[in-house]
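Below: a set of structures, written as structure tokens.
Consider the two complexes below, in which chain A is the common component and chain B and chain C are the respective partners.
Up next, the complex of A and B:
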């Protein structure tokens, strides 16, 4: 298995999944037209990664601006998968990062916390 | 072609950005950046700009996915004819996002039901409804979660305005969302 690095485009975020540090970061905008197709290899990578990882602390940084509605669904499903892995004993921490004035992103983060009570999600305001 | 007519209409209607033609993902990104820059130059509030962008994304991607004459020859990258207008309603002193595309006749009832139901909800109910839809995935299809109208309503300061125009056996769907 290799690190997953995908460059950002105007409407898709930068992906930086690092096997050595166990830090998975997604940064940028997410409003592709074919969202599920775009996220398929990313979700697949995480699935494979979760099979291989053991006691390590996993940190997932999500810094997303402009999520379209289908991207919301993609992240909802990703959180579902992460919650399941957590209940199987993985140590996952998620940082939901947003700009101070981005109340939409803050609200989205709050909703994820509410919906995924067994996940460790922290809201982080960008400094 | 009287181009000054277009300029006059745009000024009168407070239009800051408009496009009519084949809408693609690349063009969506370009239009959004352009409209965003224009609003930023005017010194508009960042929250207004963000809502404008999110509503425009949902409307344009709806045009791309549901326009009757979409070109799907390039796999999952659609190109569809439609119209987008972003402007300021001078009476309300609010920005609006307005779009139009031809739809298939059978979609009229489905769209009407969906928007009327969404329009009956307040913000808290919309927030809950969206999360329920994301969980149940009942309106899921290969290009989206079927929750675009909910997102628009959440980002809007008023109810979603829409209508269907019948011209020569064709049906055009118009949608207008105020920020």
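Up next, the complex of A and C:
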């Protein structure tokens, strides 16, 4: 298994999943033309990763200033996966990073906290 | 015994059914949540878009108004340095609009020329006072210095990328060219002279001749019209002279409504 690095585009975020540090970062905007196609390899990578990872601390940084509705759905699905892994004993910490003046992003983070009570999600205001 | 087995099976079915229903309910709730969030986002985006759109419109108008004001002020500066007075540039503006309109230029171009033509003498800001304000006739040297105002006006405006100022630079440059090639600064002839220059030349002269100055009486209409007919194809574009006489009344209405007080 290899690190997953995908450059950002106008419509898609940058992906930086690092196996050595166990830090998985997604940064940018997400409104791809075909959201399902875009996230398929990313979700697949995470699935494989969660199978292989032992009891290391996993940090997931999500800094998403803009999500269209199908991207939002993709993140809910991703969180489902993470919650399941968490309940199987993985140590997952999620940082939901947002701009102070981005109310929508903040509220989205709050939605995740409400829906995934068993996940360790922290809201972080960008400095 | 078979009843107990059936009960077990039913229990298991019931359990699966409940699980499936739970999952469906959860999915539906989630989809509803995503939809709500998305609607909210969309509403904000659209509000923001509307706001920005109004902002852009306001700024666009602000830019246009500023440009008009700059151009008008420059025209007034040019006027303050020329021997023309009163409503001269305002009348020239109206005449150039009419000539452009009757010549067949687009409404936008006519409107722009109306704004640009008052700047035709802007180059005079760089002519020394001693020459500019000389009461008598110019000698040859003075005249040639005076005539540099066309080139000077052009040089002042030519670097602008604004279409209106570009147009004004053409007007300043070519409003003293003559149709037969005896004008200045470049002795252009016929349609080598831009239509903006040809139009402004006629409008400027028509107004200057009809206005009284400290050093001269206003010419009578008869005298002006005679001169225009003589200069048809010489000083002035024959087409424009024809247009002028065909629509004489409209020009006289402007002159009468914007008299110098």
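Rule of thumb we're sticking to: the second predicted complex is superposed on the first by the 127 of 127 C-alpha atoms of A that agree within 3 Å, B and C clash if a C-alpha of one lies under 4 Å from a C-alpha of the other, contacts with A are read in each partner's own complex, and residues count from 1 in each chain.
Heads up, the rule we're going with is that contacts are C-beta pairs under 8 Å (C-beta built on N, C-alpha and C of every residue); 3 or more make two chains touch, one makes a residue touch a chain.
Here the structure is a predicted model, which means the values were calculated and not measured.
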(message) For A:69, using the defined touch cut-off, is the partner it touches chain B, chain C, both, or neither? Pick first, second, both or neither.
(response) both
(message) After the superposition on A, what does A:11 contact: first (chain B), second (chain C), both or neither?
(response) first
(request) Once the structures are superposed on A, label A:32 by its partner contacts, choosing first (chain B), second (chain C), both or neither. (result) first
(request) Go through the superposed model and pick first if A:116 touches only chain B, second if only chain C, both, or neither. (result) neither
(request) Count the residues of chain A touched by chain B and by chain C, then name the partner with the higher count. (result) B
(message) By the touch definition at the top of the document, which applies to A:102: first (chain B), second (chain C), both, or neither?
(response) first
(message) Taking the stated contact definition, name every residue in chain A that is touched by chain B in one complex and by chain C in the other, in rising order.
(response) 68-69, 72-73, 76, 104, 107, 111, 115
(request) Would you tell me which residues of chain C are touching chain A in their complex? (result) 30-31, 33-35, 37-38, 40-41, 44
(message) Which stretch or stretches of chain A touch chain C in the complex?
(response) 68-69, 72-73, 76, 104, 107-108, 111, 115
(request) Give every residue of chain A touching chain B within the complex, in rising order. (result) 10-11, 31-37, 66, 68-70, 72-73, 76, 101-104, 107, 111, 114-115
(message) Taking the touch rule as given, give the residues of chain B at its contact with chain A in the complex, in rising order.
(response) 25, 28-30, 33, 46-47, 50-51, 53-54, 57-58, 61, 64-65, 76-78, 127, 130-131, 134-135, 137, 140, 142-145, 147-148, 150-151, 155
